[in-house]
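Order of writing sets the chain letters: A, B, C and D. Residues in each chain are counted from 1.
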Amino acid sequence: MSMVCLSDFEAYAKKYLPKIAWDYFAAGADDCTTRDENILAYKRIHFRPRMLRDVSMMDIRTKILGSEISFPVGIAPTGFHQLAWPDGEKSTARAARAMDICYIASTYSTCSLEEISMAAPGGLRWFQLYIHRNRAASQQLVRRAEALGFQALVLTVDLPYTGKRRDDVRNGFRLPPHMKVKNLEGAFEVCKMSLLDPSVTWNDVYWLQSLTRLPIIIKGILTGEDAALAVKHGVQGIIVSNHGGRQLDEGPATIDALVEVVEAVRGRVEVYVDGGIRKGSDVLKALALGAKCVFIGRPALWGLAYKGEEGLQDVLRILQDEFRLSMALAG
Amino acid sequence: MSMVCLSDFEAYAKKYLPKIAWDYFAAGADDCTTRDENILAYKRIHFRPRMLRDVSMMDIRTKILGSEISFPVGIAPTGFHQLAWPDGEKSTARAARAMDICYIASTYSTCSLEEISMAAPGGLRWFQLYIHRNRAASQQLVRRAEALGFQALVLTVDLPYTGKRRDDVRNGFRLPPHMKVKNLEGAFEVCKMSLLDPSVTWNDVYWLQSLTRLPIIIKGILTGEDAALAVKHGVQGIIVSNHGGRQLDEGPATIDALVEVVEAVRGRVEVYVDGGIRKGSDVLKALALGAKCVFIGRPALWGLAYKGEEGLQDVLRILQDEFRLSMALAG
Amino acid sequence: MSMVCLSDFEAYAKKYLPKIAWDYFAAGADDCTTRDENILAYKRIHFRPRMLRDVSMMDIRTKILGSEISFPVGIAPTGFHQLAWPDGEKSTARAARAMDICYIASTYSTCSLEEISMAAPGGLRWFQLYIHRNRAASQQLVRRAEALGFQALVLTVDLPYTGKRRDDVRNGFRLPPHMKVKNLEGAFEVCKMSLLDPSVTWNDVYWLQSLTRLPIIIKGILTGEDAALAVKHGVQGIIVSNHGGRQLDEGPATIDALVEVVEAVRGRVEVYVDGGIRKGSDVLKALALGAKCVFIGRPALWGLAYKGEEGLQDVLRILQDEFRLSMALAG
Amino acid sequence: MSMVCLSDFEAYAKKYLPKIAWDYFAAGADDCTTRDENILAYKRIHFRPRMLRDVSMMDIRTKILGSEISFPVGIAPTGFHQLAWPDGEKSTARAARAMDICYIASTYSTCSLEEISMAAPGGLRWFQLYIHRNRAASQQLVRRAEALGFQALVLTVDLPYTGKRRDDVRNGFRLPPHMKVKNLEGAFEVCKMSLLDPSVTWNDVYWLQSLTRLPIIIKGILTGEDAALAVKHGVQGIIVSNHGGRQLDEGPATIDALVEVVEAVRGRVEVYVDGGIRKGSDVLKALALGAKCVFIGRPALWGLAYKGEEGLQDVLRILQDEFRLSMALAG
């Protein structure tokens, strides 16, 4: 099996992962319309390629929140990487560092923040968190992330309750007994999303700011109105995201939402996007529409499922090569 | 078989109902374009989800014509429930009462109004009727509904003649001998739609008003012009409906027609809609576009086919949970 | 097999006709895009149904060029009816007379004009013709049609050369030896379209007028510009037609072209349309868009293939019932 | 197997060519969206057919850069014709001369320019070239083309790097050992696209002009902006092309890009188009939108694969017949 493009990794993962794990990663809310729209929307955007420009040297390095990365792609926060590969998030961290990109570690990791940090010291990492009913738990996570050198906090705001993913309900999805949501051990019981606080509002962003000196990025914004509110509340970045189509079905594709968010933000904070990136040319489209960087979710998991950190590096390298080639061909 | 969403009940009903009953419930007119458009039109409507709003408490109770219901979904009038479940409309009535919602009993029920009332005393019920050639028959039905505590009359206006449902013609559909249209027994022969009066006009609404003190709701309106006429003729409510796509094919989807009806009515009477509701988010869309409540037709029959009143309650509970979740996720 | 709608007859014909005959009747030019668009375009047109109008009495009789017909559907000119049924055009003529509608007999009939006339004396018939290189032949056909009581001439103008119908080329389509294009016997050899004159222009309409006192109808107009020219040249009617999608592929669907033709004609002559009529509601749509009558081509052949004149009457009766029902349901 | 239209040749080639050769010819970049859009875009363009015009005589001869050709179709430059037929480009040259049209020989031919010239002396030929890192090599090719009587140079500008064609990567595509890129033998090693210079800019057009007295045509333009630049830099013609969808995926279809190029050029140089031509009516559409001539790529290879020069002539003759018929039927 030769791995030529990201969908080759998808096919591999679908074939070799346990069904319950594949279903969990693949799941979208309800009819999966938004999950699929994330991809289809990219196809509706066309290039106007320009010719005879000198494309012999192309610098694809960029900076996000001041940190340099090798190209404008990072790893979006997704949970439970041990479902894809035994070493779980430790492999993810190593691959991200090897490729010199940013990895956003999820609260719902199967390795602890400490393990992730130890696995790849010096890598650029952000930490994704929710606001829990038990605020002390959130506060403790912030402290740990700061102490371990995570360079930003990514607050996910689209999950007051978990979306309805039919296959997960059918499968009775839960983590196998030998895996744990290690970040939350002790603090509260595992895998109960109801521990998240659905009463959270914009004021809680101020509370989070009061806890930390780290920059705060809001993940899950889909409208210009909310983007303006995010800027007003002093965040440092916005990730346009619909949680991979796993929360509210039949909202906008992220690449479509990006346009109105970028317009509302008017350059005051950095804007990123996740969801639907499957080719290097998708990255180029997102950047052309105003994103500073994109983040990949499922493709990273497929890479892990293929060969752990090596597989994830394969995925990233393909994306990097495709991105560079697209830039050259688009002039 | 785990019942996770309404289409699971559809699949069950298709598998276990006698073909002739399934075909009758599923039938649409001609090419079934409008039946299918009812569903597709919902998919073309997208949310603009807002974040960081306090969604810890959500009140989904509402009122229709002054009566409180547990959430804005009711049972649309459909005929012949015994084709789906032995207890027929008695089970429907019990499930509706248990869920604290409104059930619109059809003239073409296989249980009589009296049986329906006895089965679930105290439930909120409306009675659906046609105007018959034999006006005395219509009058007698109105009297009985009034006497039994039905709280509104729903006049169906889109059936001067029965639509052409090809499968019913092919199957030679008729009720099995042990089932009867009990409401019409004695008054006239069963299952002859030609007993309905195709010469009915808006003036007959005045006639109906002269017979009763109950509020009158017009079911089957699809244009702003007709909605304005309905208001002008003093009705208390409008159900935007195309009879589940069973009458004129290639008219508008009901959710599309709702928009112009709401605009024409300008809040003067309550507007409801049926047709194509398959998920809680469809309910939310209909409400966002101005409906006060939606009514489900075929999904109620699938619930009955699954497990009688329990099955119908399952359907309603799923819809209620999905509706609540959609509200939370849409902010 | 129960025959409920026109596509049932299509399925029958496809199953029981010899492949070469089916292919000939079904053929469209090139990729058959226009043939299929004729049907799809009807589906894109939606009704706005109105309610509570007295539809107890509906008069569907109408007049074309002053002759009354039982409903606004006629038989379009198609060739070689013996390929569908042994009695060929004689059966067609009998069915049309029995249904009290207009039959446009094709030059390329397998029965002669005389046989057609004898088969159904007194029926309303028009004669379709081309202008041949050998003008005397055209003149002779006009004389015969006049003498036999045909009430109009239908001049087909979209066939300077025969369209490329791939299956006919593959099949090496030609009439079986026992069938003849009887109208042209003696005058010229059969089945050579090259006998038609590709140099024909609008001036030849004047020539045709000089030969006859019969009204002249132009068949094959697809633009407002040509419709205006037709009126200017003094024709009595226009059939909007793309020859069933058998000539130039990727032109407009006839129901779409009808709109601009009707606009250009401004009521000065009658406008008809053929192509894509498969349901009674299609007839209603065409009339709503300004056609005085529609003509069916392939569905008539399917009816013949099913049971000769009886089968064709079945097709017409279904269309009539559906048309009446659509009118009632649309208000 | 009867060869009635170009897709018959496609089916033949797919069936009988070695998979690796078929894949190479069929390949599109990435998801092949643009390759397929080239064809689909033609289908979205509709004719407005006019009737009753004298179409008995039609002159389809035309001139490109002053040379007369029998109809406005030529052979686009494609590589490696020996993969399709043993005699390779020699057969192509013979077929083009026999049909009296223009053949653009590719730098990546498996026959040398000299062999091509010898095979069909006197034929109208242009030579396609790239600008190589080793400019002397480019210069030598220009000299040879001039000396052999090629009448124009076609500079391909959309290949600073080779597009990502997944199947070629999977197949490890390379020429079989007995085939050579003869034009480049000696000058540099074969099949290394990296020998092309990605730093080429519009200034290099001036350099090319300084080498030759031949007219220069730019191939690969897709925007009005670049078309204006091409005119400004003194070229004699533009081929609107996306390299058959083999370079940047998800750019415009060529027939769509043609419109803006023609508008920008305002008649100052000749504009041609390739990509997606599959029927004579496609040629007519391209001409109606302003192209002076179209060029076919893959269909020529299918013709070669079928029967060498005879097969290619079959393809061209079908296209010629279809083009003439379309003109007649469109009026």
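To be clear about the criterion, a contact is a pair of C-beta atoms (placed from the backbone, for glycine too) under 8 Å apart; a residue touches a chain by one contact, two chains touch by 3 or more.
None of the values given here were measured: they were computed from a predicted structure.
The angle of the rotation carrying subunit A onto subunit C, fitted on C-alpha atoms and rounded to the nearest 5, is 180°.
Copies subunit C and subunit D of the same chain sequence form an interface built mainly from non-equivalent positions, shared numbers / all numbers used being under half. Here the CA centre of subunit B is 62 Å from the CA centre of subunit D.
Averaged Cα coordinates give subunit A a centre that lies 44 Å from the centre of subunit D. Shared interface positions of subunit B, i.e. residues touching 2 or more other chains, are not present.
Interchain contacts (touch definition given at top) occur between A-B, A-D, B-C, C-D. Residues of subunit C touching subunit D in their complex: 30-31, 33, 157-158, 160-161, 163-164, 166, 169-170, 197-202, 204-205, 218, 220-223, 225-226, 229, 242, 247-252. Taken in their complex, subunit A has these residues touching subunit D: 2, 4-5, 43, 45-57, 279, 281, 321-322, 325-326, 328-330.
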